[in-house]
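The data blocks that follow each hold one structure.
Consider the two complexes below, in which subunit A is the common component and subunit B and subunit C are the respective partners.
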Partner chain A sequence: MTANAGSIGRSSGAKPSLNGKASRGSILADRAATVVLWGTGALVLLILGSIILHFAMAAWGVVSLSFILDNPSQTTLGGIMPVLWNSIYMLALTMLIAVPVGLLGGIYMAEYAGDNVVTGAIRFAEESISSVPSIVVGLFGLILFVDDFHWGFTALAGALALTFFNLPLMTRLSEQALRAVPQDERSASLALGATKWQTIRHVVVPLAIPGLITGVILTAGRVFGEAAVLLFTAGIGTPPHYNFANLDITNPASPWSPFRPATTLSVYIYKLNSEGLGAFKNQIVDGSAAILISMVLIFNLGARFVGRVLTRRLTAA
Partner chain B sequence: MPATAIYPEPVLRRVEVTAPRANEDAEARPAEIKIATEHVSIQYGEKVAVRDVSLAVEARSIMALIGPSGSGKSTFLRCFNRMNDLIPGASVQGQVCLDDENVMDPDVSVVELRRRVGMVFQRPNPFPMSIFENVAYGPRRRGMNDRRKLDELVETSLKRAALWDEVKDDLRRKSGLALSGGQQQRLCIARVLATDPEVILMDEPASALDPVSTLRIEELMRELREAYTIVIVTHNMQQAARVSDVTAFFTMAEDRAGYLVEVGPTGRIFTRPNERLTEDYISGRFG
Partner chain C sequence: MASLTSAYPTSKLRAKPGLLERLDLPRRVVFVAAASMIIVVAMLMIFIVWQGTQLFVKDGYSLGAIFDAKWDPLADTPEFGILPFILGTIVVTAGALLISTPLSVGVALFLSEVAPKWAKSIVQPALEIFVGIPSVVWGWLGITVLVPFLADTFNGPIVISLPIVGTVFSMPGFLTGFSWLAGSLVLSIMVLPTITSVSYDAFRAVPQELRTGSLALGTTRWQMIRHILIPSALSGVLTAVVLGMTRAAGEALAVQMVIGNSPTLPEAITQPMTTLTSQITLDMGNTVFGEPWQDALWTMSLVLLVISITSVVLVRVINKRRMGS
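This part shows the complex of A and B:
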């Protein structure tokens, strides 16, 4: 028996050729796929790159420390501090509402809910709300919060409308992140006598943090960038000079209060670009756009960093 | 038992349903039975995975469950700590008694049960936490927060699992996942020991390990036997022969339901099995 010493299997008959014609078609298809896929990837990078490059060039000479820290001015370039503040404020307020609710919804969907009519309806609602145009969500916020509740244009109305808009995404992404945690980890915890909630709290959620952070980033990006929802809810206009020493959050004059109109950076860009009149209008728009892009990038990087720290803290403390 | 009424064969083939003793010739001393199952059948939906198994495990002994893949050994093992509860559609009939309590009773707290009946899985599955936190996980979940007590418990558990000397220098810095496969499995054993169990279930604990690590786990099992009752599922017959006091042989019926063929002292099962099926399996003629 020397069968496995030399040739494998075939001892007679036609030898398979290494450059058979049959393989030529599939090699071509393989090359074509490589080129197309590589090209698509390159296109994505090119689009992002050209957007960043365009605004970096347009904002050159406009963006400076005083552009970020000064109040808007009628006669000079001025700054965008109040609208930048509002963007950050709206982000924080919306995240404060949407992240916990979205996370709890995701935990319910991933760990508790069965596969039944109710969860089917929830999933259908998630998908539907996500595809409702944001201007419609804004209109709904206008009717409900601004008019029916008599809140007027307020940061809180804007944050709640943004939550409506973002909650389905946040819930879905949380659910996916939690489901991606291997079943082994849950079994290990339960087998040690941990309860279901302890298992979720101490094993599943910490392990899902990278995925949860992705959800937070995508949600946050939509808060930063969203203009349509906020036009009708948080208001549009040139903000007053804020007095940051006024810490009374019930006072609408305080920049810390959720009960005041809050024009954000993206709404401000929309307003200036469509109806602005000042001599520096174009520079301010370009500068604001550059700041907006930078904020999104900074937030994304920051969120990933926080995610890493959180994972370490939650799994090792 | 509708199942056994339809398929009487497995029941007829079952022998020695009472607790076998480690030494066959020993005088009849009252054996302390830790776990006893009575007519346990397990179904996944319509499919019967395990049919009518009754056996008893003596305290402070090692019982090995052997048999071909699909004979329901692991499924059967998982009813001791009710891990089958987690599988949708799984149902268990019959009684599983831990000491005198039926663990299948709906009033039983599975959390308490699983603390008393620990489990080591086939694939080492330490949490992605520090070595210390892995071992402290069980005690912490039961509210132990005293730092000194935890330190002490982690140290004793790791020493018992024969891992202390290898990890004592970076308990808190090193992740459980940074250990080798064999070390990870001993960490998982330490993690179970820290919850102070009475019974330890091991589901092919060495099947993912190299021979040296396997031997270390086996040595460890022999030591743990002094204080704990151990039930191990293994594919490795040499392993069953080396470590266990009692061996239970499972196989599949024609409808692919697993059943117990025979159970007896390991020495006898491997030299003079009562059943032809056992002999065929052990001598490698099938399975």
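This part shows the complex of A and C:
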């Protein structure tokens, strides 16, 4: 039977055939395509590998404990402590606002939103903010907070602009995490007589925690590296020597205050590059970029690790 | 049945809703959180449209004066032709997509059709790290690696001549390396994860039966990809390209760092140029609120806003057509 089919196929020549035997040319094309597709995958790894290697080499001899913990200096390599502090501070301040709002918004979209005009408008808003360039979001912050509210360049203005920019991401990731919870869990809870909100609070959200935390960490990674939003909201300048003993958050001189300009690590890289001066400029930027990349790696691997551990713990329990 | 319900009043079986829930408070609160995005977008649009039209309303420039090639903010009668920036954004984005689309679709096909599990579990996390690398770091890589490489490698005029026919192609070489090509290359890597992940989803969404059906008819895997998979996922791939385009057109710092920032239209990919985002980034800090120069920058931000909202609508149209067919 098979031999027969084969012979019929052969007689039909190079036309697309049903014979189970592709022509020589198409087999060669298939092999070539496979090689090319493997090549694209390998290229991605090659690029990433060389970037990491490049920064590991560039940061060698630059990044040290004193580079992380010292103030910038005019005459020596100095350190990046104040801008690193600002990055962490801005991250915390932004997440403090964005996580609750994003989580609650995600709950609405996953559990309450009906198929109506309002939901459509929220989706459209979500997509719009996601596609508006970060620089435009920063400019919006500039008009609203810096000019209209007369705050000037402040950490709070930057954090709010960052919140605007990342709210769609946080909301969408929360919604996805909540939607991934099986419908049966909800039905079981409701069948036991729990109200909708009790079900959400005590059943759906706890089950979605691994996904929610992954979402938080991925958002955090994006917030940490963002610069364009902050240029015109949190300010761009050389930070003063901070006095961490000054805990008065209403005092703009305190590093704990949200009402002070806060140049972050990413913005600092941009600033050093655009000024183009300074004997140690290249080393400082290389070192700072290496630290940024390491943070990105930590955030990514952290999100993976935490998600996996929590899933295992929750599903085992 | 009636006796059963009266014997076991359902109100007793049910946990009592708290006061907050009886006031429907939880639903209201989560709704406000979600709807806050509408408020943010509406305010953003109102503010940018307002600021972006001041150049016409307050400073009395005509639309024709804006869509002009001459940009000279420091002249006695300043000219704010933003055409070089708009065209700059278009060409640098086009260059990036030209490089990135084949590569990204290739990676997406690799992940969805070819890669064994182990390869997938390396390449996918790698792409996620790409997404996370901040824009300033890409720009810095461009300055320290790509730009010097271009300047050193192609410093003379680039001429292709054939025997008999003579010169078929020539363009000036790189002067400094800061150029259209540098901008497009940096952007192409930055949009690679976007285009890859969205096309990957589109390929995964193609029903498995179509693949097995094609292979059962005796096609090779590549024939199946070319004639079945890519046509079926075309609208998804198109969405991916539009999203990549949006990201490329809106990217500010990395492009500004490598593109050379000369407010002229580039004559060749080796020449410096500028874009909407890079000019805004550069000039915003040097201008005073309310002066025509800054108003022109706001007009440029309005153009960026229009581009991004258009692409949101475009993606919706593409997807609706896919749902329809």
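Here, the second predicted complex is superposed on the first by the 254 of 317 C-alpha atoms of A that agree within 3 Å, B and C clash if a C-alpha of one lies under 4 Å from a C-alpha of the other, contacts with A are read in each partner's own complex, and residues count from 1 in each chain.
The working rule: a contact is a pair of C-beta atoms (placed from the backbone, for glycine too) under 8 Å apart; a residue touches a chain by one contact, two chains touch by 3 or more.
Since the structure is predicted, the reported quantities are computational estimates derived from the model, not experimental observations.
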| message | Looking at A:247, would you say it contacts subunit B, subunit C, both, or neither? Reply first, second, both or neither. | response | neither
| task | Mind working out whether A:195 is in touch with subunit B, subunit C, both or neither, as first, second, both or neither? | result | both
| said: For A:309 in the superposed arrangement: first (subunit B), second (subunit C), both or neither? | reply: neither
| task | Would you sort A:69 into first (subunit B), second (subunit C), both or neither based on which partner it touches? | result | neither
| query | First (subunit B), second (subunit C), both or neither: which does A:185 touch? | reply | first
| request: Based on the superposed arrangement, let me know which partner A:104 touches: subunit B (first), subunit C (second), both, or neither? | output: second
| Looking at the overlay, does A:207 come into contact with subunit B only (first), subunit C only (second), both, or neither? | first
| task | Could you figure out whether subunit B or subunit C reaches more residues of subunit A? | result | C
| query | Is A:300 contacted by the first partner subunit B, the second partner subunit C, both or neither? | reply | second
| said: Please report the subunit A residues shared by its interface with subunit B and its interface with subunit C. | reply: 193-195, 198
| task | Sort out for me which residues of subunit A touch subunit C in the complex. | result | 16-22, 26-27, 29-30, 32-34, 36-41, 43-45, 47-48, 51, 54, 58, 100-109, 111-113, 118, 121-122, 124-129, 131-137, 139-140, 142-144, 147, 164, 167-168, 171, 193-198, 200, 221-222, 224-228, 231-232, 236, 266-267, 269-270, 273, 282, 285-286, 289, 292-293, 296-297, 299-300, 304
| remark: Interface with subunit A, subunit C side, in the complex: residues 13-15, 17, 20-21, 26-27, 29-38, 40-44, 47-48, 51, 103, 106-107, 109-111, 113-115, 119, 122-123, 125-130, 132-137, 139-141, 143-145, 189, 192, 217-223, 225, 243, 246, 249-253, 257, 277, 280-281, 284-285, 289, 298, 301, 304-305, 308-309, 311-312, 315-316
| request: Would you pull the subunit B residues touching subunit A in the complex into a rising list? | output: 81, 83, 86, 111-115, 118-119, 121, 123, 125-130, 133, 137-138, 141-142, 172, 175, 188, 191-192, 195
| query | Taking the complex as given, what residues does subunit A use to touch subunit B? | reply | 184-195, 198, 202-203, 207, 315-317
